[in-house]
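Consider the two complexes below, in which chain A is the common component and chain B and chain C are the respective partners.
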Partner chain A sequence: MSEIVLKDLRHSYVPAPKDDADWALKQVDVRWSDGGAYALLGPSGCGKTTLLNIISGLLTPTEGQVFFGTRDVTHEPPEQRNIAQVFQFPVVYDTMTVYDNLAFPLRNRGVPAADVDAQVRQIAEMLDLEDGLFKRAAGLTADGKQKISLGRGLVRSDVNVIMFDEPLTVIDPHLKWQLRSKLKELHHEVGSTMIYVTHDQTEALTFADQVVVMYEGTVVQIGTPVELFERPKHTFVGHFIGSPGMNVLPCQLEGGVPQVGGQPVPLGNGPVEAPAGARLELGVRPEFVTFADEGLPVQVVKVSDAGRHSIVETRLAGNRVMLLVREGESLPSESARLSFDPAHTQVYADGWMIA
Partner chain B sequence: MIAKTTNQKAWFFVLPVVLLVAFNAIIPLMTVVNYSVQETFGDNVFFWEGVGWFEQVLHSERFHDALLRQLAFSFIILAIEVPLGIAIALAMPRKGPWVSVCLVLMALPLLIPWNVVGAMWNIFALPDIGLLGKAINGLGIDYNFTRQPIAAWFTTVLMDVWHWTSLVVLLCYAGLCSIPDAYYQAAKIDGARGWAIFRYIQLPKLKRVLTIAILLRFMDSFMIYTEPFVLTGGGPGNATTFLSIDLVKIALGQFDLGPAAAMSLIYFLIVLLLCWIFYTLMMRGEEQ
Partner chain C sequence: MSLELKSVSKRVGAETHIHATDLTLKDDGFNILLGTTLSGKTTLMQLMAGLERPTSGEIWFDGKNVTRVPTQKRNVSMVHQQFINYPNLSVFENIASPLKVAGVARDEIAKRVDRVAELLKLGPLLKRRPGALSGGQQQRTALARALVKDADLILLDEPLANLDFKLREELRDELPRLFADRSCTVVYATTEPSEALLLGGHTATLHEGRITQFGETGKIYRHPADLLSAKVFSDPPINTAEVVKAGDRFSLSQEVSWPAGPKLAGLADGPYTVGIRPHHILPSPNDTARIPIRGKVLVTELSGSESVIHFAMGKATWVSQSHGIHAFEIGAEAELFMDAERFFYFGADESLVAA
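And now, the complex of A and B:
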């Protein structure tokens, strides 16, 4: 068990990378503490799996180093790194029983039979695999097989890190919920560092203490679910997390105050200074937008009912602005005015938050 | 309940297939059945013989010997070709320019007509002018496949291995290529190495293609005729007279239609039985 440090990591699948697009991982520099639960969140193709495979040793990075504690493991193969990984699709050794499947990683490392038995039974109990422990694994359903894969990942008690690569993709929704809670529980019991890769924000936010959001081969923000929600450091984080995502509106600065469609928008933290020539945008989450008597003039375009609240789509100087209105509150019909919560309104330059 | 509409006209659509199968399988088979229970002295005059020919064939030492040789031959070539085929398939590259080179090289022996294979090996193995025969004799080993039964067997088996191992290789290679990468990655992380990967991942995943490969190789080798006929003609003596060679000798050489027909039916039933046993054994435990 140890801290994981990724230093100046870059990776390309092209033999001689030239321009930016050749890099699957552009620049990753992170430090993950021992025993944490981390989620790697991002859309397909953003480099999550590449990063995971570099940590597990299935890939050697083109540039940069991987440290487990103070040990440089960059060029060590997976079996020497003492890690566990669970894949997107269940991997089950068909000819073995459930028990033998779970015991396989231990037996390969020459663990004494008595210890193998104790650990396998403990994991089987945690994952509710005790019934049919001595049946052939081949006959199980997809979620049963994935439980075995999870079990093989969790069965070794001394691993540096356990990595999950979208492990619940093939699982039915109601079981997904169960297994996810189970994993969270196991994290408390086992106490190993866990890294969970997913493109599903709910999965990431419910599982992890810290979420690492990736976009086009870079880490755009690392933070708690609340930080990601309230202070997205990049417009991508704003879009990607939350439903509906953050409103992003092009704006100008006049005397340090952002203007949208010629109207000033008050900010919580003082006058803004932007680098010259940068593309400026204003970001505010639908949760922090309200109808008001005074403020930005908008046209109401569409109202959709989402149960406890309505999602209202409005148009502000040609830009779409979404807001959430609680059930029962009155809705203006056509023209209305909006106010943004100054404490939760951010300004972005070229995508990155400046205020 | 919905009443099913019955339309007897559907039979017309099946008719062409029924006719085709009748003419190329059922009618010839029935002719054989017909011969197997009758005796003829020519002139298209037949006498009822009952199961007499069957009794005669089943009790004949000649048939026993040929059957034994046949089983031994099939067993030997399976024991060589299956492990060798798997080994070659494992050694073949999965990616890169060498894949197509390997595949073409592997497919080459399969494309050569059987009688040509026999003729090639006949010349290749001749002790005085053949490359192989001369080389073996040059090593100081007395080798002459036209005179020594062991040399004849050795040459026949070697020829079959050369000709047909490729089939096992290609099937296994296809099977190996279809194993998802995640299995190998999981195995690496689980700390499995060489033999464990083969035993617990590759071999189980190859089960189906191996079943097919073994069945095909068994049936082909059990019916082998052309290659040993061209190579050794069943000799020296009867050393390489396999069932089908013996059958042709009886049917066309001696023109004993009755015994030959009885023998082919017995032969057919043995093949059917062995295939069924193989298949059941290999698929056991599959349905659960």
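And now, the complex of A and C:
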């Protein structure tokens, strides 16, 4: 086990990259400490799989280095890196028993039989696989098989890192809950460094202590789930994280106070200064918008029942503003006024947070 | 135009895939089939489409018995989870294909394709091949093809399941609008309770080839007919416990009991099963969440906007879901508060007796 450092990584699938668009990874610098739970989060095509393949050694980066501890592994092949990987679709030998499937990665590395047995039984216990341990894997359901895949990833105690590539995509929601919390529990027990790659914010935010958000080949923000939620540094993070995402409204500054549709929106901190000519936007999450007696005038357009809250869509000077209203609270019908929580309202210049 | 299943069942060999089902679908808003993988959603859709013949029973559409009418003559469109497009045809030709088959005139085809393409934001992509599109654009193309032919019955089988989280959110918001001013019956299958809620309309909960309940989506979420329907329509999984009513109190254990309010006073003394949604167990008390319980914290998932706490109470694992950040130490004893006004009470036959 060791710290993982990605230093000045750049990668292009084009032989002689010229402009920005040629780079699948534009610039990545990340330091992951030993034993942490991390997530790489981003939409399809953001570069997260490229990054994963560089860490596992399936790809050599065009520029930059990968370190496991102090060892530079940039040019080492995957088998020398001592990592475990769990994929989107279960990788299971149908003809083998559950036990033999779990034992496979250990036997493959010549681990003595007695140790194999101890480790397999420990993992089987953690994943509640003890009952059918000596049955063939062929008869299992998709989530049963994915549990074995997780087990195979977790069974070796000596790996540098365990990487999960969208491991719960094929799993039904109610089982997703179980496997997700199981994984979290296992991280607590096993203590290995884990990197979880996904486009699903819920999975990333609930699993990881720290999330790396990627967009178009760049890291846009690294932070705890709370930081990403409360202080998104870029409008992309605000939009991508949260459901619905952050409201992003064009604004102007007058005397350092942002104005939306000609109305002032007070912020928590003092007057805002913006670079000249920058595109200015105000960002506020639906969770921090409330109906109020005084405030910004809006029209209520649509109310969706999400069970524990309603998602209310309103129009403010032509812009869409969403807010959440908790189950059981009353809703205005047409015209209403909104208040934004000043402590959780940000100003962005050309996409980046300035206040 | 309504679709009616009269005692429709489907057996394959010795296995019953669909038990005798009576169902009348609505032509205003979505009809959602909600259930886990293999609960019978796809089979039901195939029966509705005429792709499968029922073993018994009849299917009526618009007042006519269509049980023996082949799919080609039924004016049905279907969209699958795995987007299906013709790889060698352009997006335009893909969308136009059902109209060509139907012998629609050329300029009429162009007009209708353009209109649908605009609706689904495919306008600039019409000349491309599906291979050059993102997943979301490919699924939009498949949706456009289903929309273009003005079908009487549109079947959408988990159409968003293979898309990125954010794209799913966007299309889920768009879909009901696309069908809003059409006179057709829309059926939508999903494994996700949250998706059913947000799409609104009517929902049928499915379990092992049986429809357990059908009604307005919000209503059946808040009034599940029985324990099974409540379980199918709950994400995270609903907490359940055996409780006993004695006189004017319900008790869950020696320590945990609550008064049977006026609504419940009429219930006979004896055992009941109580169903408690995770968001009705909160980390801090409020006006209605006032019944304290204690449990050992197993896992916490803090997503930035909400907290999910898994805890052990008695022999069972419980889940609490709340807005905001509530940190608990793993392994520690936690106090949480249940909202008894929102409990579901089920009788010995598991049907709802009070809510």
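Throughout what follows, the second predicted complex is superposed on the first by the 342 of 355 C-alpha atoms of A that agree within 3 Å, B and C clash if a C-alpha of one lies under 4 Å from a C-alpha of the other, contacts with A are read in each partner's own complex, and residues count from 1 in each chain.
The rule we apply is simple: a residue touches a chain if its C-beta (ideal position, glycine included) is under 8 Å from a C-beta of that chain, and two chains touch if they have at least 3 such contacts.
The structure displayed is predicted, hence computed values, not measured ones.
A.B. asks: When the two structures are superposed on chain A, do chain B and chain C clash or fit side by side?
C.D. replies: Overlaying the two structures gives chain B and chain C room side by side.
A.B. asks: For the superposed three-chain arrangement, provide the angle chain B-chain A-chain C between C-alpha centres, rounded in steps of 10 degrees.
C.D. replies: An angle of 70 degrees, rounded.
A.B. asks: With both structures superposed, pick whichever of chain B and chain C touches the larger number of chain A residues.
C.D. replies: Partner touching more chain A residues in the overlay: C.
A.B. asks: Examine A:F104 and indicate which partner it touches, taking first as chain B and second as chain C; both and neither are also allowed.
C.D. replies: first
A.B. asks: Thinking of the overlay built on chain A, is A:R31 touched by chain B (first), by chain C (second), by both, or by neither?
C.D. replies: Touch partners of A:R31: none, neither chain B nor chain C.
A.B. asks: Would you check which partner chain A:R279 touches, where first means chain B only, second means chain C only, and both and neither mean what they say?
C.D. replies: A:R279 contacts neither chain B nor chain C.
A.B. asks: Have a look at where A:L58 lands relative to chain B and chain C in the superposition and call it first, second, both or neither.
C.D. replies: first
A.B. asks: Identify the partner contact of A:T95: answer first if only chain B is touched, second if only chain C is, both if each is, neither if none is.
C.D. replies: first
A.B. asks: Quick one: classify A:H188 as touching chain B (first), chain C (second), both or neither.
C.D. replies: It touches chain C, and chain B stays clear.
A.B. asks: Of the partners chain B and chain C, which touch A:G139 in the superposed model: first, second, both, neither?
C.D. replies: first
A.B. asks: Name the contact category of A:R308: first (chain B only), second (chain C only), both, or neither.
C.D. replies: second
A.B. asks: On the overlay, how many Å separate the closest CA atoms of chain B and chain C?
C.D. replies: Minimum C-alpha separation, chain B to chain C: 6 Å.
A.B. asks: Which chain A residues qualify as touching chain C in the complex?
C.D. replies: 43-45, 142, 172-174, 177, 180-181, 184-185, 188, 199-202, 205-207, 224-230, 239-245, 285, 287, 304-309, 311, 326-328
A.B. asks: Over in the complex, which chain A residues touch chain B? Could you list them?
C.D. replies: Within the complex, chain A touches chain B at residues 56, 58, 77-79, 83-85, 87-89, 91, 93-96, 104-105, 108-109, 136, 138-139, 149, 152.
A.B. asks: Which part of chain C faces chain A closely enough to touch in the complex?
C.D. replies: Checking each residue of chain C against chain A gives 36-37, 134-135, 164-167, 169, 191-194, 197-198, 200, 217-218, 221, 234-237, 277, 279, 288, 298-299, 301-305, 308, 310, 319, 321, 323, 325, 330.
A.B. asks: Per the contact definition, I'd like the list of chain B residues that touch chain A in the complex.
C.D. replies: Touching chain A: residues 180, 182-183, 185-186, 188-193, 196, 200-201, 203-205, 285, 288 of chain B.
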